[in-house]
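Contents: one structure, followed by commentary.
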Amino acid sequence: MSHALEILATHRRGPQVEANVLAACIDACLDCAQSCTACADASLAEPELEQLVACITLCLSCSDVCTSTSQALTRQTVFVLKLATAVVQACVEACRSCADECERHSHHHEHCRICAEVCRRCEQACNDVLAALT
Amino acid sequence: MSHALEILATHRRGPQVEANVLAACIDACLDCAQSCTACADASLAEPELEQLVACITLCLSCSDVCTSTSQALTRQTVFVLKLATAVVQACVEACRSCADECERHSHHHEHCRICAEVCRRCEQACNDVLAALT
Amino acid sequence: MSHALEILATHRRGPQVEANVLAACIDACLDCAQSCTACADASLAEPELEQLVACITLCLSCSDVCTSTSQALTRQTVFVLKLATAVVQACVEACRSCADECERHSHHHEHCRICAEVCRRCEQACNDVLAALT
Amino acid sequence: MSHALEILATHRRGPQVEANVLAACIDACLDCAQSCTACADASLAEPELEQLVACITLCLSCSDVCTSTSQALTRQTVFVLKLATAVVQACVEACRSCADECERHSHHHEHCRICAEVCRRCEQACNDVLAALT
């Protein structure tokens, strides 16, 4: 999706995690950050707005956490295992809580359905990184 | 690349700019934010680091500006023309200054070559949005 | 507020803009980013939520733009005048549009009153930087 | 420092954590995000740059994580304990790893000394939130 894998291949020290797993997670985080910002915004334009307050709040925090996770994972010049693990674990929680809430609205709002799917994919990609880290 | 176009299509009010142009710019910003973070990091691992100080600094600011631009452009529930224009113009300057510097190192560093290309594509996508806004 | 001024004083090349003006703007951006995130969140908990949709949307984008502006202004190792100018101009628009909207709700919502004041202070701090840049 | 405490006091639902502890952590995160961006930039201007590569890399990730933590903690309309805990734990790791590295350079670089102190204060503020969450 992004050029994450291509640029990782040019890094002198090489990634500390299997490059395909790492790049897949970075891309999933970028997609999830965007989808969550977009779902929060589309929710703000819905008439039954008050039912989407939890969805909007969790989307906003999921977006922020996914953005910082994609940036932290991209940095491979120095690698601190405990830091990488904690960052990705926080991202798992952000994606899971957001997906749980969006799924409750999937039948009524197409943006929630798409966003929930993107969050689940990101949660899985983060769990793949955690498995590769241990 | 991301699900930007798909979620924009579900927005009740519809985007204020042509959806394809908008989604292309959002995706280009996400890719550019990632490439710039990655190029700065790969540069930090190079032996001739002191020649890449400008590249690293401009990559970092380009990444930050591209991230905030992608988020601001994603929000279509309220649209303020002067705000959208100023944000995208700042992104054009960020991409241009970063591409100019990365191009100077393209022959020596593959990550700079890729990053410069991604920056130029984002600069163009931003200019396409500016053209669509007027 | 932050340690911006203190760390700027340790920079080998010194800031390209008068340090007090620069640090004041960085601090105003940090405060504004936080206030806008907080005002959007407090708005989501209000019963007359549907009247605050514009406020929430503009707060979110103002927060993002202020964060990237504080980061770009902090970087003084390389200074590109056109980039700094465009970034700060975008921040002026973000603060102005958010303050305009929050002021409309200042009498009903204390968080909007505070947020509007913080946005106006950041708008002024950005204009001070623009004056110092020319 | 910021208006975090003042705006939290206007929130209809009130914070889920003791307001003073929460606001202190939000402010510490904002200060730390700024100091880390500034220390990374000041390091890029140092002649013995190659000895500061770890410092720069860890500062950049600490800045990103502190920014997303300040935003996630600011949102009190919906509160998910597991999410808040994981986000703050990641911030503890980011601050600790950055402070450990900056302290190694504190005697040679004043920006590293200041940044290390700010990171330690943020680490402590995060631990105070974790204690308040349980």
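Order as written gives the chain letters A, B, C and D; numbering starts at 1 within each chain.
Here is the rule we use: contacts are C-beta pairs under 8 Å (C-beta built on N, C-alpha and C of every residue); 3 or more make two chains touch, one makes a residue touch a chain.
Since this is a predicted model, take the numbers as computed values, not measurements.
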Report the chain pair from A-B, B-D or B-C that duplicates the A-C interface, where duplication means over half of the contact pairs agree by residue number. B-D
If you average the Cα atoms per chain, which one ends up farthest from subunit A? C
Between B-D and A-D, more contacting C-beta pairs sit at A-D
Using the average of all C-alpha atoms in each chain as its centre, how far is it in Å between subunit A and subunit D? 21
So, in whole Å, the Cα centroid of subunit B is separated from that of subunit D by 26
Give the residues of subunit C that touch two or more other chains, as numbers and ranges in rising order. 41, 44-45, 53, 57, 60, 67, 71, 75, 77
Assign the assembly's chain-to-chain touch graph to one of these shapes: line, ring, star, complete, other. complete
Which residues, counting only subunit B, touch subunit D once they are in their complex? 40-41, 44-45, 49-50, 53, 56-57, 60
Help me check something: in the complex, which residues belonging to subunit D touch subunit A? 53-54, 57-58, 60-61, 64-65, 67-68, 71-72, 75, 77-78, 80, 82-83, 85-87, 89-90, 92-94, 97
Quick one: which bits of subunit A touch subunit B in the complex? Just the residue numbers, please. 1-4, 6-8, 10-13, 26, 30-31, 33-35, 37-39, 41-42, 44-46, 63, 67, 70-71, 74-77, 109-111, 114-115, 118
